[in-house]
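Please read the structure below before turning to the comments.
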């Protein structure tokens, strides 16, 4: 491979969580002699309101090749739809300029779907991380859409890999299994400097040496209009628990303005002495806060995925993660005050769980980078069922990697 | 159902072919007491350059509720990608205004994908016709994307239905099987008035009482850059055959300008006395021209689908329909002059085939309309595999309709 | 005029200030027998982050015919430019749907420019309020652009009317002189219920019976990058004054995120006991707060315009209003702490000024409505200089209204 | 100036005519030691349907830094409006990437307005060529809008310069007078190879040694809906004249599809033996065809401007150039068959006129390039009237250049 130009891999980051998971992959691509890293920061990573996660990417030493503003203000279903459309236009511009050999996407957000559509119609070869998972919200549909547009897949779990193949993808397009966020978790020194939490954001000072709660609650877009009531229930539950709490503001999905408003109104009225609100944390710092939390409450997918690495107890609230593979550290409750309080008290009583490798063994990024260097790009996809002998054999795992 | 408002079904038409297939469904919806028809004409249906198919829709007595201009000029992969993005924005506007209960889409074009994305992010319930088929071009990916966004499915064949379920859709969301274009074909008086072909377009007068060829050649977007050479081969083959030929200009996909240019250059240089070019035909007239052709040559999906109803011999050129279910009337050849000539001569010698019901029995539209009235709309999708007992039982056909 | 359909006048509102000025015009249109009011709410009026000014429009009894989301998040020069572009597309949709006879715009914001462009290219007749004024920021250019697209003009002052004519507009297209905000001011009971200020927003309780400051500071987009430093100077000045202060958050122009951040950081660090921050006020309530302020500090155009009606002392900070006609109640200072403090102390010492009618006599709305009903719409504009006898006679005021 | 980086000048080309005029300016910039040329090709220059004028730019040795697709298909007032919006977004992307020191625009097309808006909101310094002219169509408004956004001006005539100043621009921002197209005309060998006309396009072979007509008819957007009838009149006039005719297809303005359709229908029905249609010509070739024509008929601004250099007789049809300064070679008629025929016969009888320098002396480009190198860029504009002593002195020409 030394006799040709390195393969250009364009990594698309659309929010702080994306970066938290892709950072080790970006490092591995950067170090690989046969790969050249391109970074496009989009979505909320370039917004002041989200504390400019793109700045962190640069501070970590990465060159950012493009910044894509695509979020139409409003956080309603209509503006979310239009942001997808706008994103397709803007990503098309970036890809035309950067001419990548591979486009590397992660997850299920609408910004990632926009990038996938632009790349697919431009005949670019797409690699997708975290396909095949199951959840609620519109993310569920977007994730499988991206799978149907992607040419290669790096799912996080064996079940996800199997589901991708059952959906008609070629078994040999599964490049690896495991979420790269496990790599960060494996190497992380989880010791938490109290300044990380208390030197930014606003509200009460939180003593991280004592038990504290971590709360993230995003809207479930398919239940648009219900999020204010849900968040009010959650806030009432927190008021009843009255335990020191670190709350991160929600993402930008339709309904997020209502969630944020619930927090602001609650804060102004109840003047809680136990609540600190934060906009953004560096990837490692976020994991430290998660690792040290006595309990995580809400509906972030990181409570399912990353919390498992540390065994942090989780109270998963509402339908946003329905269908998602979870380990024993997770308890599911509806968004009802009493149910949240009960489940949290039980989790606090139980304490930490044993760490899990359900979502990755901590050695994922190198495998992905190596696969990116070796794979044979192609453009024309075709539902793999047409190559089946019979009807269901396609659902059998046939890729060499899985057999190992 | 009489005690409530009729259910608003928004039918999206994006090209002349869409209308040719959806017209009987639109009629059936219009007549159904529990349904209210909304029609949005988009894509090339509103373009003068494509002879304004929307005019035909109005002439047939339908009210057109919205006209959506979304085609960015250029017919390159980049402009096609951006047209998707622009389309999402514009369909979002239309849906916000029309507030349909159901959005009814057909096929696999990028304009339909744009409508599907807008509808999905706006929590609208989507019904998709012609899912589960397999082909080449980017349409292959777009079609399955739409399936993953759609809440209900009306596939055209049993295999398509099975594939949709294998992709993880709930078996009970398959509403019917069969393409509604079969309904038109069944009822059609195929007698062809020569004026239909000769009163519009330009070029030679074609005597439809004598054997003539019908040619449609669209670009295969995943082979962008190759379409000019392919079309030149096809035109040379036609020159060698020198048989009266009706050629329809290509669609608007990336590369279509190159296909059109090949035709214009050929026409100016070779001054063929056997060639007539047409922009657009009414749905029934198109079927008459297809039904009476001695052979259809090219890569239109209607050569696979609609030609089967009439047993018209077809020479399917290139990769655009690879993987598509075909009947015995179809011969596949690569886009090479000699191969096209040979196959056409053989088909002309063979003559008509027996009609087929592979793509529908001619009684599809009423079934679709009835299902639209009865179905129970929902918003949150979920990959059906999570409800499997085992791993592959989800791939079994379980819907009542299929069992009959 | 009774024998024909009422003339449809589409009023475009793009921020809270627009509504504060257009409300009496909307009332007058609504009441006029020959006019039919259409209302399109756009820009920040539909954003939760700006407290949904559209809600107030509805509460006041107006029907809102369209909501236009056009703000691309980021508040940088690039996103502001793109928001104009996006706005043109979205206003084109609204105008296509509403088919107004006249489009009524006010001011100089980029959202209004977007509406003007859409309307002009769609051959709609445009009436513009507040043309011919002079200021800093990009608004200066946008305002004159709108003048060059508008078919009729309702300037606020005699100088503005003269300037519009000197720019080459036909003298007979000046419909009236005076700002409609003077109408509200004239009729307003300025008694200020302390709840208006203290029942919303956050921060200190402000005793409105005692002297208080009103502060609004928007970014000057042509000085993008300098706004953070400017706002820091202003906040330091306020800290030195330590007088009870009502601060309204800035608009959405490029740089506003930096202004907001300066406030948030100042608030978190200095924990001022004299500062209350508000997002939004009803038009009349805003005027009451302005009328009762001991001094208004910042760069809102309302400090020039509306403060003059009440004689409220103003310290105008920075270049945003350079060139604007002001009355004696205004003192101009650069954005420097010491200068702001000095000027404010002098204004507080001076106390209220005599009310002025520079920007209107309080009887403007009826004149505008009447002119809208009577004017003769046209489409093709032409630089009026070509009709001059000589070179400069076009600069003479020739409209009947001005002669009076 | 040798101790700093060359000043980056971004030249925006939006159609074939733009290039025909800017080519000598681009050459002069390219050669200037203190300037660096950037070229963005947009609008119809990148469209296959317009024969890809961008290809010619590259063949002439220029590097093209960006290609902007912004034309939404449809050629209606709504799609034209939306193309402006789309163009603003796309130009913003290009300018963000290219970071020019100056943006150089020409003329009055909507694509140029889009570029001007993007540049202005991004605080870029704009230089505008051909401001201050007067015409019909929406171009009239767009031209003056661009003037109000531009920071420097290079008008083509003394009257235009005067009008720009009267509109409130600073006299010292007038950089030069004269249209750069005069430079090409001055140096051009007008000998016309018949192959230039006959080796492309379609229709009759035209003997350029004999008298022939040149016809260009664009829609007047402010008369949208009337263009089909107007073009039919013109075609009937041509049929009556039955003189060898070279017709260029219209631009892409709203209504152009109707003009094109009129030509296609006429061609198919009347099968004229005297008509040749062309899509595009190289700038010099176009001028040769214009210079050698016995009469030019239609409404292209080049019939006013470029034809004057050669003294080609012109019949100016309809309102599109109303108000434009013309020389004696131009006769104006309404779009009525008989009037066109009469005027053309008179012009043919009259024969060539004396060449004119109304629009330039043929030494313009070097002056512009030199001014670009020397000017002092600024961002904040301000209506110059505020600096007047009195009311009309601003309308006096005060710039040094004009005094010479």
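We call the chains A, B, C and D, going by the order they appear; numbering starts again at 1 in every chain.
Rule of thumb we're sticking to: a contact is a pair of C-beta atoms (placed from the backbone, for glycine too) under 8 Å apart; a residue touches a chain by one contact, two chains touch by 3 or more.
Remember, it's a predicted structure, so these values are computed and weren't measured experimentally.
Novice: Which of these pairs, A-D, B-D or B-C, matches A-C in more than half of the residue pairs in contact?
Specialist: B-D
Novice: Averaging only over C-alpha atoms, locate the centres of subunit B and subunit C and give their separation in whole Å.
Specialist: It comes to 52 Å between the two C-alpha centres.
Novice: Give, as an integer number of Å, the spacing between the C-alpha centres of subunit B and subunit A.
Specialist: Chain centres of subunit A and subunit B, defined by C-alpha means, are spaced 37 Å apart.
Novice: So, what's the distance in Å between the C-alpha centres of subunit D and subunit B?
Specialist: Comparing mean C-alpha positions, subunit D is 42 Å from subunit B.
Novice: Residues touching two or more other chains, restricted to subunit C: which are they?
Specialist: Answer for subunit C, listing residues that touch two or more other chains: 78, 82, 86, 89-90.
Novice: What graph shape do the protein chains here make by touch: line, ring, star, complete or other?
Specialist: complete
Novice: Which residues, counting only subunit B, touch subunit D once they are in their complex?
Specialist: 46-49, 69-76, 78-79, 82, 86, 202, 257-258, 261, 264, 268
Novice: Which subunit B residues qualify as touching subunit A in the complex?
Specialist: My answer: residues 77-78, 80-82, 84-90, 92, 96, 110, 113-114, 117-118, 120-123, 134, 136-138, 140-141, 144-145, 147-149, 162-163, 166-168, 221-224, 254, 319, 322-323, 379-383, 385-386, 391-392, 394-395.
Novice: Where on subunit A does subunit D make contact in their complex?
Specialist: Going by the criterion above, the answer is residues 89-90, 93, 97.
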